[in-house]
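Naming follows writing order (A, B and C), and every chain is counted from residue 1.
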């Protein structure tokens, strides 16, 4: 609905206005992001000083993957992490009720409410790294160019579903920092292609904690390694994950408001 | 002082039992980072016939297991806590007592490590079996490991506190911490064993303190360096501990003076 | 008879709470077997509120007031019973219903901390789909009534508690609701702010005709605003009728507290003036019939003369009134 798009713009704009007032903070954050991405690229280069190919991924493809990693992680830190952290605080303080009193989807009002605009820098740097990686690839077909943003959006959707499911536990346990630690530590694994990892980790990163899939698949698409069937499965998987997580969240909400099962 | 420490320890153990589950979960998740880089190096090694320099796949496994253990034993998180305490005004009551605030931190640190080391060791045993890790440790190596890891922990702790003291002057300690952490990321032995860092990077790594916190004790434990080399590296640890000991003392004294002047 | 704005029938809410005794043994036992107890927060209440009324919902802490309001605003599902507000079933949380009512919770803030209230208002405008013209006129009116001119452009965190409450009020009413549920609106505020808020609510009701249901454990809130009062205690409705009748009927007395100079308290015989409730430290508390309270006070002042250091005449505390309502012969008192 148009209204929700307008609301999203409002949420973003108000946060942006607020962050712009703290220019030094903004500059420092951006510098930090540059340092972090730079050192991560350096790490990749160290690995590739000993080889030209890693599990079928060459340097260009690895850079694309790293870029996708920062795009996905950046998206998470841009809007999802701030919103879900705020949501858990609401449950703790009893201020979640205010979202329930409004004539709009509570899930929307809660899960994409808070932005940390400066994380756009992380996403921007991710895009740059992707571009650098792509510059070394001879040609990119139309299918790849279309598939990439779709796969990336699916990646965003998967992360949303994961965080939604994790934070829903706050309805019952209030403090779910431990579960969030699960997200942060597994997110780190997104910096390498998911096929590099030993069996149990690879499976986890492709299903229950789909971070590996969220990052690796878009990279595979644009590097010309993914077939349409795989992309289709990803889209279906994302929709399923979203529906499932939303259902679970509504369950938590019903429990919170004392609706009988 | 001993009695004070005992009292603090008892109190901290009671407090820590409240968030025991949390500590263990955090520790479990911290194993993921070494596993990630281990997997990457295994892939690199496999592309080169199974050997990179002096490391084959089993050596890499042993290295990262040792790294994970050392990481846990040297972990220090003071910069974040300290800045928080200064901002929240929780530091002042501590300054009123005849005990340097650092001692609370030491005890907290110790207790956390005591809580998490056994579960971590169990997890690492599983990793060792899965990857068929090969350790080249000799009894002498083990003997040297003890002082080495103690030096490393002291170094991590002191350097962390020196950094944290910046909180007296700025609220932007977080930015400085990021630079420090990322330098450690490259030079401490996380992304690669120090011996495998390309030429110039390796030289820099040996000149900076980061490697002496993680990479050095990890290699000693693994048995990846000769005894003479180990002793040399430990000497380097001593040097850095001394440097940061005095650095911390200095910064703290100046910082405290300016903190009280402004109105604690 | 007009359609009631709020129509409640046998509304009930029971909570399951787990109880655990202290100590290690009990903790271990609770891992295996949880001790559950049913708490009747609201034990079957019935009432109707007509449009434009300002009704006070009185009761001590834990009486069930907030729980009732939460059910009427749709935040909680009842365990049994029915309710309709503006013709809607509240806990269905239909958008049309949510857009026409508001719940203000005393010490909780819905405004975003770091940005000026004016920005939060804009977000609310979008959420409630308020047309620009109506939005502007409502904001102007609320700004005028609550004296917000200086406040709306400052970040909310920079406002004092009282200022924040005023802005919260504005935020809660920005969509011109027909029904306003106010839960402990003056809690934590200083006296002058309490008075201002009460005046505002009265004026708002007068101007807009909005129906107001307010809960409080401060008698003063209710005295200032409500002609009709509903008393709730331990989840049960004990009284529903004119405020004027409540105290008079249930606790037809006043409390006179006389502070006497050095030691005179213990020795002076004051039985002639009223029932002595307590003697301590130079203070004597008397219970006196309402009708004669003024006259007795005058006599005390005259007779004690210079031995009297201070004297106060007060209504009995609300808990006492309610205790009396609860322990009276009838379980409910009709108006």
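Remarks
In this text, contacts are C-beta pairs under 8 Å (C-beta built on N, C-alpha and C of every residue); 3 or more make two chains touch, one makes a residue touch a chain.
Computed from a predicted model, the values in this text were never measured in an experiment.
Judged by the touch criterion defined above, the protein chains link up one after another in an open path, with no loop closing it. Core chain by CA centroid proximity to the global CA centroid: A. Looking at contacts between chains, the pair that accounts for the most C-beta pairs is A-B.
Averaged C-alpha coordinates give centres for chain A and chain B that are 29 Å from one another.
Chain B and chain C, compared by their mean Cα positions, are separated by 56 Å. The distance from the centre of chain A to the centre of chain C, each centre being the mean of the chain's C-alpha atoms, comes to 45 Å.
Across the interface of their complex, chain C is touched by residues 3, 6-7, 10-11, 14, 17-18, 93-95, 97-98, 100-104, 109, 257-260 of chain A.
If you check the complex, the residues on chain B that touch chain A are 21-22, 25-26, 29-30, 32-33, 35-36, 39-44, 46-48, 52, 130-131, 172, 175, 178-179, 182, 185-186, 191-192, 196-198, 201.
By the touch rule above, chain A contacts chain B in their complex via residues 24-25, 28-29, 31-32, 35-36, 39, 42-43, 46-47, 49-55, 177-178, 181-182, 184-186, 188-189, 191-192, 196-198, 201.
Of all residues in chain C, only 13, 15, 70, 73-77, 79, 91, 93, 95-96, 98-99, 102-103, 105, 108-110, 112, 114-115, 119, 122-123, 126-129 touch chain A in the complex they form.
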